[in-house]
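Here subunit A shows up in two complexes: once beside subunit B, once beside subunit C.
Then we have the complex of A and B:
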């Protein structure tokens, strides 16, 4: 105990000041029955919560399927794999604001390159509004997230694949198992811890999505792409209702806590 | 045949990953008349650097750029100064519960902490100041530094510093002269990660810096987007300028990318 304290004390002081103290402050601010009653009846909050979960589910599934497929695909490419890997990581490294700006230049109905290309082929694009239309907006922001974050799952799964023991795979091949059989019965079960870890890390980030949607649609049109983080942001910093915003943020905290606990369990067993 | 198909799919994925970025770059380099031509001009246009000149001559973007550099650098240095000794302490006198608790603070959703942090900084008159944002980023990166550096210190055999301590070194001396030089690669990778996180961060910066003199680059770019008349050229030029440092950082830390992104769980 004595030997450890001088090393960790300064860091602990700052961490307590910037995480535990704010949390207590926030509880004091938001933990009032009136706020929870309002949350219970607040339809906009329910929509935002539902859309956040939908966004998370759609993006997570697509990113996982694509990331895993790409990892398996590129794993077999030998020396060229390095080059592909480096290029594929680009979207994830950009500042999210810059990535979203790039996609505004694509989706914009009048000036965007997407409608521009379609017009070039002589198509009528007047009804193709992408992020400006209520129907497609949520799918568009999901698409942007898939573009931006599939590289994350790809990278972790790819690293996982490379660190797998080679013997069981060799043995299966010698026994005449097909690529698909080997992948399904040996590779994927061995990869499970990395898969779990990657999915949990990603879903925690998806649940708190803010930057890209703020730039792309500001939660609109109407309420079509509003998420919990955006709604809390608006409640606190546009309408000045800090108490209610803090109360809503506890829902985020609860969901994240459940995910973080599972994540820690995965990390401890590794 | 199968290999050719594999290459084809990988190439398509690569193009899909790079095309939006490439488009952003071309917009930043095009004359205004060329930016939104139909059909779009992917390759054949007369490039110009006027948007870059305009963006940085206006002064505002130069300011945002400088603010981003100052907050990212200062918060990284502070997080390392506080976090590296803590990581060493936790590596040599393990306390797994505390390590995991420290990591868990990193997982708090920003929207949860931003409300009280905003009110606290307002009380302390630290809104719209680089100092306020630097403190927040330091706190944000600190758990990451502790967690990552602990895994690097764990890789260094204890015998080395114990031998030095038998020779009369103090523990701090052994840490400084024997252990620290051995973890330099890990230390630089961790620093690069902190720089990237602080450089890319948006939500805290948006709320804590609302004046032109304190805004960071992402907030400055966002402010352009939400205006009625968007200056596409200047905005994409600023976007390109914002992404260059990150890509340089990432290249520098390439070897440890997986380890950092998985919070040390996958060694890569």
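Then we have the complex of A and C:
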């Protein structure tokens, strides 16, 4: 231990300065009963929380189903798989901010590419307002997230598939099992640890969604796409109320932790 | 061997720490310097250029920190409240001023500003508003104008847009006869919708806070004003409840809408053939009236010196120089509307900028947003319900009621 201390000292100093101290400071700021009382009555916080959970659930399910299907499909392609894999990763390689700006232009109801193309097919687009309409805005934001982050789940699951042992699959095939039977009874159960990891990583990321929404809609129209992280950002940096923002962050941390734990429990018992 | 390795590592670590500590300390620098925080945009660019010039004349090293609008406020709030002294001169949008001046975070001016500054621009530099000491100098004189297609108004013999009723009539006529929308409003939550709504609210005799500083949006006048905005929305492009300034101006530039409330920063674009299909066709009028005479919202950029600055004297010299008539004229040529009457009225500038008379008239009667440090929070809450009403998911009465409740809660919490 004594010999190692000089090696780890700089890292410890950095950790103390950049993580531990701010954490203690934010606990001191945030853990006041008044903040939690306000949160309990804060209608805007409740709506933002509900929308964050809805957004997370919709995006996670869609991205997982799509990512898994793509991974399974491409797994059987042999050499051509490489090309598809590279192509599918493109959206994920764009910085989220750039992607969001592009989508903002695409969704513009009068000058955007999307309505322009639909109009080209002879559709009446005058009332298709996408992110500018209260009803569809959240779904549009989910759509952009699916577009951008399905490749991430695809990549993880695809790598998981490649690392599976081949023997059980071959044995099943020899025994005359169909593709569907081997996938359901052998591939997916073997893939479970990777699935768990993928869902954990993605759901934690989704819960703190910020950049895409900030650029696409700023939480609007009205309050239709406001999420907790946007609300925390505004409270801290626009209104200067760091205490309440810290309290909300701790609540989000608690929710995310509970979510992750239950996800792990469900996956283990299954 | 192991021993000597450990010694080397210890020495290296010590060296590293020493270097880190040295970096934290202040190095003595022979040439004086000024650090200036500016808005990344046309307003900031002009100040940046001016600062470099002043630095050369006064043997001062100038460092400019350029930040996007939202970011600038956040950085200023943190720097000013923690008195880090990272900046010697700061550029502020006037609605930020009541929050930033709080707690003595800005240094009062050594002497009151002299000359022909426009009253509305000076008033917002004082704390308390209109009456207190001066803590800033007005640098860019911004207030809203009503942009409208003069050619179409002439074509259909429409009365000029002096009142909101005339605007509605014109919107109806133009939408029926031309292939375009009749009006373009913007109602994205936050700054966008509140800025578009304020002149209507004032014209209808409404207010956000009454004379005692209590919330007063839920009144007959407030509801009537919101109803008018929604009526205008019927002639606006669908989806305007998500529009910001750029969408509004895009519709004007593309000739897909004939009028809107807008900021002077967009005037140059309207007459730029590379961007505009309406060169020379747009006229710039005062914000329309209703029960009361129309008043534009003020959006003046101010220059101040944080209390944490270690170069306050030099900083004041610079901002006095930058807002003197001669420099302000140069800044006007670089695209910044002035805050002095003489600059607005100088013959050569008037010839170059055809909207100057309208801009001056607007500034002289313009009204600032409520002078409260809670403005950002109030604007956010108010904006959400205005945006919802414009999107059609809340009636005007309900929106004003909710906004009133929310603003009351904000004020209550701050006590």
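Definition applied: the second predicted complex is superposed on the first by the 255 of 270 C-alpha atoms of A that agree within 3 Å, B and C clash if a C-alpha of one lies under 4 Å from a C-alpha of the other, contacts with A are read in each partner's own complex, and residues count from 1 in each chain.
In this text, a contact is a pair of C-beta atoms (placed from the backbone, for glycine too) under 8 Å apart; a residue touches a chain by one contact, two chains touch by 3 or more.
Computed from a predicted model, the values in this text were never measured in an experiment.
In the superposition on chain A, A:213 contacts neither subunit B nor subunit C. When the shared chain is aligned, no partner comes close enough to touch A:58: not subunit B, not subunit C. In the superposed model, A:161 makes contact with neither subunit B nor subunit C.
In the overlay built on the shared chain, the residue A:7 is in contact with subunit B and with subunit C. Of the two partner chains placed around the shared chain by superposition, subunit B and subunit C are both touched by A:111.
Contacts of A:237 after superposition: both subunit B and subunit C are touched.
Within the superposed three-chain model, A:98 lies in touch with subunit B and out of touch with subunit C [touch as defined at top]. In the superposition on chain A, A:222 makes contact with subunit C only, while subunit B stays out of contact range.
The wider contact with subunit A, measured as residues touched, comes from B rather than the other of subunit B and subunit C. Comparing the two interfaces of subunit A, the one with subunit B and the one with subunit C have residues 3, 6-7, 10, 110-111, 218, 237 in common. Listing the residues of subunit C that touch subunit A in their complex gives 2, 6, 9-10, 13, 16-17, 70, 73-74, 77, 81, 99, 187-190, 237-243, 247, 250-251, 254, 256, 374, 376-377, 380-381, 384-385, 387-388, 390-394, 406, 413. The touching residues of subunit A, when paired with subunit C in their complex, are 3, 6-7, 9-10, 38, 44, 108-111, 126-127, 129-134, 137, 217-224, 234, 237-240.
Looking at the complex, you find that subunit A touches subunit B at residues 1, 3-8, 10-12, 14-15, 17-23, 25-26, 29, 70, 73-74, 76-77, 80, 84, 86-91, 93-99, 101-106, 110-111, 113, 116-117, 119-121, 147, 151-152, 155-156, 159-160, 162-163, 194, 197-198, 201, 204, 207-208, 210-211, 214-215, 218, 228-229, 232-233, 236-237, 242, 245-246, 249-250, 252-253, 256, 260, 263-264, 266-268, 270. Every residue of subunit B that touches subunit A in the complex is listed here, in rising order: 3, 6-7, 9-10, 13-14, 16-18, 20-21, 23-24, 27, 35-40, 82-83, 85-86, 88-90, 92-93, 95, 98, 100, 102-105, 107-120, 135-136, 138-140, 142-143, 146, 171, 196, 199-200, 202-203, 206-207, 217-218, 221-222, 225-226, 232, 235-236, 239-240, 242-243, 246-247, 250, 254, 257-258, 261-263, 265-268.
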